[in-house]
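Chain naming follows the written order as A, B and C, and within any one chain the residues start at number 1.
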Amino acid sequence: MTISAPDTIYRVETRTRTSTIAGLVGIVLILVLFAAPAFASRGLIQDLFFILTMLTLAQFWNLLAGYGGLVSVGQQAFVGIGAYALFAAVILWGLDPVPAILLGGVAALVLAVPFGFFAFRLQGAYFAIGTWVLAEVVRLIVAQWRAVGGGTGTSLPRTATENIIFTDQIAALFDVRASAARDILAYWLALVLAILTIGGIYWLLRSKRGLGLAAVRDNPQAARSVGVDAQRVKWFVFLTAALGTGLTGALIYMQKARISPDAAFSLNDWTAYVIFIVVIGGIGTIEGPIVGVLIFFLLQTLLAQYGAWYLMILGLIGIGVMLLAPRGLWGSFSDRTGIQLFPIRRRLMGGPLTIKTPSREE
Amino acid sequence: MNWIDTIVQGILLGGLYALFAAGLSLVFGIMRLVNLAHGDLIVLAAYLILLIVSLLGLSPFVAALIALPLMFGLGYVLQKVVLNRVLGEDILPPLLVTFGISVVIQNALLQGASADTRRLPTGDVGVASISLGGINVGILPLLTFGSAVAVILILNHVFYRTALGRSFRATSDDPTTASLMGIRPNAVFAQATGIAMMIVTIAALYLGMRANFDPAVGPARLIYAFEAVIIGGLGSLWGTLAGGVIIGLAQTIGAAINPEWQILSGHIAFLLVLLFKPRGLFPRAFD
Amino acid sequence: MAMLSTHGLTAHYGQFQALFGVDITLDAGECVAIIGANGAGKTTLLRSLSGVLRNEPQSIRYRGEPIGALPADAVMKRGVAMVPEGRKLFPSLTVEENLLIGAHARRGSGSWTLDAIYNLFPILKERRDNAGTALSGGQQQMVAIGRALMSNPDVLLCDEISLGLAPVVIRDIYKAMPRIREGGAAVIIVEQDIGQALEVADRVYCMMEGRVTLSGTPTDLTREAIHAAYFGAAA
C-alpha cells in the first residue's frame, strides 16, 4: 500500500509580501546599475565601484562574524593575498588581469587553510587577535617578496593594463577612453560579484546548511547533539569568506593598478571600515551591510576632508550603535516594523489545519 | 657578533613586552574581556606622561607617578561607563566596542598631537650602562626588566594575599555568587581595569623612554602583549613574563640575523608555541 | 511587624512565569521552612529574596523597607545572607578564603568569626588551606553555610542544603541549626527533605506551581494536607 499525500497541503515558505516587492525593486535596481555606465560620470562609476566592493567585503565579514560567530580582525590578509596573486600573475606570468582575479580568489582560499589551522586553536576573543597576528605575518612575508616590489610595492605594467580583455569593446560602446573603459569593466565585475555574493549568502542561509550555521552560532553543544558538525561549519564559513574576500581584493587592486604591502594589508581600510559598516547597518542581517555601506559612504563624502576627525566620529558612532542599538540600524528598524527584505525564517503555510501558535515572535 | 649580548638584550626587551601584557592578562583573567584598545591606551599614557613632562618640566619618572592615578581614573570610568555595559556571554559587543575605542584614541592623538614621532627625555639614564661579566648592559633595559618583575610580584601579592585580590578571584569565578557576598561585580571590574591602566602607565614610561612613538604604534604593542599572554598560558603572570622574554629573544635574534626579520621572528615564535602548546607554556590547572 | 515579607511576589524567566503572587513572612529569630516538589518555585523565591532576581520594589520588604528591586550586594549588606543551591564555592579560593570572603561586607560585631565557624564545623579548620572544591559535598556545604554566617546576617536563606548529601551528613549539618539560631539569625530553609524541614522549622510553607498552597506550624500539618499541597488536591 502506498500513501500519496497531495503535495499542496503544506508549504514551507520564507517569502513574505514585502520580500516579493523588494525582489521586484531589486531587479529594477540591478538593471539600472548595469546600465549606469551609459549615463553616469566616471567619478560616479568609481564611487559605485567603491561602494560595491566595500559591500561585498562587508557581506563576507558579516557571514563570518554575524552568522558564523567568528570575529576576525584579519580579513585584510585575504584582500592583500588576492591582490598580490593578481599582480604576480600579471607581472610574472603575463596573465590577463580579469582571469587573474579568479587566481586571487584561489590564492586566498589556499592561504585560508594554514590561516584557519592556527586561528581555530584560539577561542572567542583570542581568535580575533590571532587572526590579526596572522594577517601581520602574511604582510611581513609578502613585504619580503622582491619580485612584486617588496616593502615599497609596484604597479601593473602598462602593457597589461592597456590590453585587458573587453576594454576595447567597452571603449567603443560608450565612446570613452581606455582608462574609463577599464573603470567600467571593474565596476561591472564588482556589480556581478556583489550580486553573486548577496544571492549566494541568501541562498546559503535559506538552505539546510544555513540552519546548521545558526545552530552552531547560538549553541555549539546543542548543534552537535542534533548532528551538526560545528568544526566543519566553521571551516566552511571561513573558507567561503576567504575566497570571496580574496576575489574582491584582487578586483579592487586591478582597478587601482598600484599595490604596496601596507595598503593591501591595511587593517583600517579592509577590516576596520568593514566592521563599522556591518555594525552600524546591523550585524547578522543581509540588509545591514547594505544600509551600513550607504551610511559609510555618506559619512566619508561629508567628513573625509576632516581626516582624523572623520575616523574618530566613525569610531564613536560604532561604539554608540553597539551600546544603544546592538542590532544596528537595520536590525532596530526590522525589530520595530517586522520588515525583512531577505526573510530567512521558515513559516508553515497552507494545509487543512489552521494551527494557532502562541504569539511568540523572536 | 656577540651572541651572549644579543640574548641578554632579548631577555631584557622581554621585560617591556611583559609590561605591555600584564594589564591585558589581568583584565582577561578577571572579566574575560579582551581589550583591543590596550595598545592604544599604552600610547595614550605615553602622551600623557610626555604632556606632564613638557608642562611641568619634570623627569619622566615623576611624571609617570602623576599619570598613575589619572590613568587609574580613566580605566575605572571607561569600565564603569562603557565596558561593563557590554560584558556578557556574547563576545562580539566588547570586541567591537574596544575596537571602536582603539580607532577613536588613535585618531584623537593624531588630531591632538600630530603624526610626528616623539620620545620621552631620558637624561643620563638613557645612555648609562653597567658591565656585567664583560657585557655592557644598559641601565634603562635593566630598569624595565626589574619593573616588570616588580609589577608581577606586586600583582601576585595583591591577587593571592589581600582582601581585594580575594574579591577579584571570587568575582572571576562566579560574579553572581560574589554579589551574594556583598561584592559589586561592576565595581570590582572597574577597579581591575583601573589597576590594569596603572600597569599600562608603567609600560608607557619605558616605551616612551626606549623608543620613538607616534599615534599609530598602539596596535603592534597590543599584538606583542597578546602573544606574550598566549605563550605564557592564560591567567599565569609569571608565564606572561616568560612569554614576553620569548618574544623579545626571538625579535633580537631575528634582527641580529637580518634587521628586516625582527618583527616576523617574534610572530613566528608565537605561531610555533601555538602549534605545539596551544594552551601556552604554563596553563592554569582549571579554567 | 515581620522582619522579612513578600507581598504578591511574582517572578518571570523570560516568557515563563515562575511565581504567582506569593505572600510569606519571617519574624525575627524565627525558622521557616519552604517545601514543595521540583519546579514549585522555591528556589525562585529565594533568588528573589536575595536580590539575584530583581522584582517590584514593594513586593519584598525588609524591616519595613522595600528591597524588591535592590541588587544582591545591597540586599546582603542589609543583613540577608544566602547559602546558594549547589554550594557555589569559589574554586580559586581556599576553604579559609571562602569563609573570609563571606565577611567582605561584614556588618557590626556579631558573634560569627572565623574561630566560631571552625568551632561549629571543626573539620573545616583541618582543611582550611585546601581548595574549597577539593572537599566532600558535606564539607563544601559546611563552608557555604559558614561563608554566609561570616557576615553576621539577621536573615539566613538556605537553598536545598541537603541536596545530594548522604543522610548521615545531612544530620550533621542540621545539628548546627540550633547554634546558628542562637547566633541571632532568622532562617528560611528551602527543602525537599520534608522530614528534616518539619523537625527544625517553627512554621512551614508548602508551594506548588509558583503559589503557596499551605502554611502552618509543623504540628498543625497532617500528612494528608501536605500531600495534597504538594501534588495538588486531586492526587
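Quick note on the criterion: a contact is a pair of C-beta atoms (placed from the backbone, for glycine too) under 8 Å apart; a residue touches a chain by one contact, two chains touch by 3 or more.
This is a predicted model, so every value here is computed, not measured.
Placing every chain at the mean of its C-alpha atoms, the farthest one from subunit A is found to be C. By number of C-beta pairs in contact, A-B leads over the other of B-C and A-B.
Taking the mean of all protein C-alpha atoms as the reference point, the chain centroid lying nearest to it belongs to B. Centroids of subunit A and subunit C (each the mean of its C-alpha atoms) stand 54 Å apart. If each chain is reduced to the centroid of its CA atoms, subunit B and subunit C end up 44 Å from each other. Averaged C-alpha coordinates put the centre of subunit A at 34 Å from the centre of subunit B.
Multi-chain contact residues of subunit C (touching two or more other chains) are absent.
Contact residues of subunit B toward subunit C in the complex are 163, 166-167, 169-170, 172-174, 176-184, 286. Those residues of subunit C lying in contact with subunit B across their complex are 50-52, 71-73, 76-77, 81-82, 84, 88, 90-93, 97, 100-102, 104-105, 147, 151. Taken together, the subunit A residues at the contact with subunit B in this complex read 65, 69, 71, 73, 118, 121-122, 124-126, 128-130, 132-134, 136-137, 140-141, 144, 267-268, 272, 275-276, 279, 283, 307-309, 311-312, 314-316, 318-319, 322-323, 326.
On the side of subunit B, the complex with subunit A involves touching residues 28, 32-34, 36, 82, 85-86, 91-97, 99-104, 106-108, 110-111, 219, 222-223, 226-227, 230, 260, 263-264, 267-268, 270-271, 274-275, 278.
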